[in-house]
Structures are given as C-alpha cells and as structure tokens.
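Letters are used for the chains, namely A, B and C, taken in the order the chains are written, and counting of residues starts over at 1 for each.
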C-alpha cells in the first residue's frame, strides 16, 4: 500500500548551473548549502556527456553507463530527502541526441552540464528519510512511522 | 484558442507506492481516498513491466501495448480532474531500459511498480470536468462554461 | 558555480490548448496576454507533428528537425523569463510514437497540437533576464547582478 504525507510549500529557487559543472554534484551542493531537507527539482538544458544508471531488479545493483556525446536534457526530475542525516538528491533524467532519439535513466555523477535551468521547490513537512528496503534493495522513503 | 483557469495551491503530498502496486490504479486510489478534485502529480522510480497506450488520431482509439521488462521511470507527469463526477487521473510516462533507450506513452492499468516516489499537488479552484470532445474523440477539459 | 534566486508562488493556471494550435506559439501567447514574467510550465498530451531542435555545442547553432507523424507528448517542461523585455518561453519536450519509442528536443514553432493539458505556475520574485552567454552561445539567465 502507498504511504504519503502532507507538506506545505515554503519557497522556490530558480537558478542555473554553470558550464562544466557536474550536474548531480552541483544540485547536491546547492541543497547542502541551503540545508534543504524536503524538496523537488525540475530542470531542462543540455549536457556535454551523460553518466546514468539502470537498476537491475534481480541482482539489486545499479548498472552504470555513459553516453559520450552532447545531449539535450528534455527533462530532469528529482526529489530531496534525508539519507544518513543529510540532504540527498534522487533524480532521473531524459535526454535526446541530434537525431531526436531519447535516452534516460537514474542520474549519476559524471554527467557534465553544458547549460541547465532549474526550479527547486522547498517544502515544510515531516522529515522523509531513506532507509534500506529489503524487497528492492534500495534506500527508500520512510515517513516517521 | 486556449482556455485556462486560475487555481491556488492547497497542499502537497509526498509519498511512495509499494512494490507490486498497479501504478495507475494506486495513484487513482489515493486521489479517490483523499477526494482530490484538482491536482498534478510528478513521479520517478522503476517498474517491473509497463502497459501503455498510443492514441490513434485517425481512428480515435487507444492502441494498448506492453513492455514486458524492468524499466526506469524517468518521468511520470499527470493531472487530476473530474470525470463522471469522480477524481480521474490522466498521466503520461517516460521509461528507459538497461541500455538507456527511452520509451513512453499514455499510462494504462497493468504497469507494475518496482519502486515509485511522487509529489502530488492539490489545488483549490474552479472544477475542471472532462467531457467528450468531438474533434479529438477524447474526454477533454471543460472549465465551467 | 551555480546561481539561484528565491521566488514565491503567486498563482497557478490550469488549461488546455486547442486542436490545431502551434504548441510553442500558443503557450507564448498566453504568457504575453497575462504578462507572466517568471513561470514554469508542465504539460502532457499529443501532437499531430513535431518540430524540434538540437543545439550544436560546437558550432553554437540550433539544428532544427521535424517528426511528421502523430506523437504522444509524454512530457513538456519549460520556464518563462524575460528576453528583450518580454515574456519568453524556453521549453523542452519528450514525445513517443505508436510503437512506444521516445524522442525529444528543444521545442520549436511548427509543433501542432492534437490535445494538450498544462499547469502554468506563476511566481513573484526578482526578474530573471536572458542575456547572451559567450561560453555557450545561448541567451542564458542572468539574475540582476
């Protein structure tokens, strides 16, 4: 059964990352710097190259892969919650190449920004913490109960 | 010509679906349970398999198809409005496979959750109802006029 | 280094575009009509055909291309800021065909709506203006400093 908790919007940040930034690390840095504990990020832009992951649902391991070419970010969507007491970003990304073909996966460090514009929403609410989930092998959300 | 109506954010739910849930049915259940009449949902995660649809713009029929393999949800986006007096979810989804190739379509029942984290925004505003639209053959939004 | 600014949600519009509209032009018209200076748009639906662009990161030119067939909009995401003193939409789109294959890119004029439902959020905050950026060749966000 699904679980969910109510939150209230606190504020919103609009921003852009810099040319050459590591996409995931720089968003993480912003969240750590602002101590954002509950958030949601949406973004678009382009990357010089991408490093993504696919979660193997049988072996419970991330399989990392790179796409070593310029790509549009058609969509990045992710959330901010707490893992081991610190703000943690979980983001997935959809990309496209010069022919318009689309790619996607779990965003990993190693994806290099060409340009990126984002909206980062911050919420007040009960803390959402990631803890190991046996069924999936992933650090999933628990909600204070 | 486009039509649009103003609404005000009321509250936001953060949550996760459970391993094995039917993705569309479980989001629908949450909206029915909370009586959400106007909303917007964004999500990411992974599915064990997907059942999607493509709307045939000539015959005005949905063509359903399955992708019988584990996939990342790179993005789910959908809205909640009223159809036949009840909360109704309309959602589209983008997925990716182990090689990073992306797929997508209209989310149909039969898509099975591996893990899924969502933000469900609820709004106060004029009711938006779906009614049959002749030009498209779809139940599209009408807005009280 | 990333730059970002705080904003506050003002209001939200829910709406739909009309059958046959130019997707980008009609969203732009709505923003001009309502004088939206800072916003974010999310949408789903379908198009009769798409005209997209891929930004060539070496030559600093957009390469436009068309996909001349009906497609689902699995996701449109974009922002509204100021360019040359006027509201300006920057949107990327993910699409899918009847086989479920996904495509994407920078949304260009010439994409024709079959049906499209959107959420357009409007914010109060410091103005965000697009100005020429040497490193990328693009009109990127500056934030009043």
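Just so it is clear, a contact is a pair of C-beta atoms (placed from the backbone, for glycine too) under 8 Å apart; a residue touches a chain by one contact, two chains touch by 3 or more.
Just so it is clear, the model here is predicted, and its values are computed rather than measured.
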| item | value |
| --- | --- |
| Fraction-based call for chain C against chain A, same above half, different below | different |
| Angle of the C-alpha superposing rotation, chain A to chain B, to the nearest 5 degrees | 120 |
| Rounded Å distance, chain A centre to chain C centre (Cα mean) | 21 |
| Two or more partner chains touched - positions in chain B | 9, 42, 75, 94, 102, 104 |
| Contact footprint of chain A on chain B as seen in their complex | 9, 11-19, 21, 26-27, 29-30, 42, 44, 46, 48, 70, 72-75, 94-102, 104, 114-115, 117-120 |
| Touching residues (chain side chain A, partner chain B) in the complex | 1-9, 38, 40, 42, 52, 54-57, 63, 65, 67, 75, 77-79, 90-94, 101-106, 123, 125, 128, 133, 135-136, 138, 140-141, 143 |
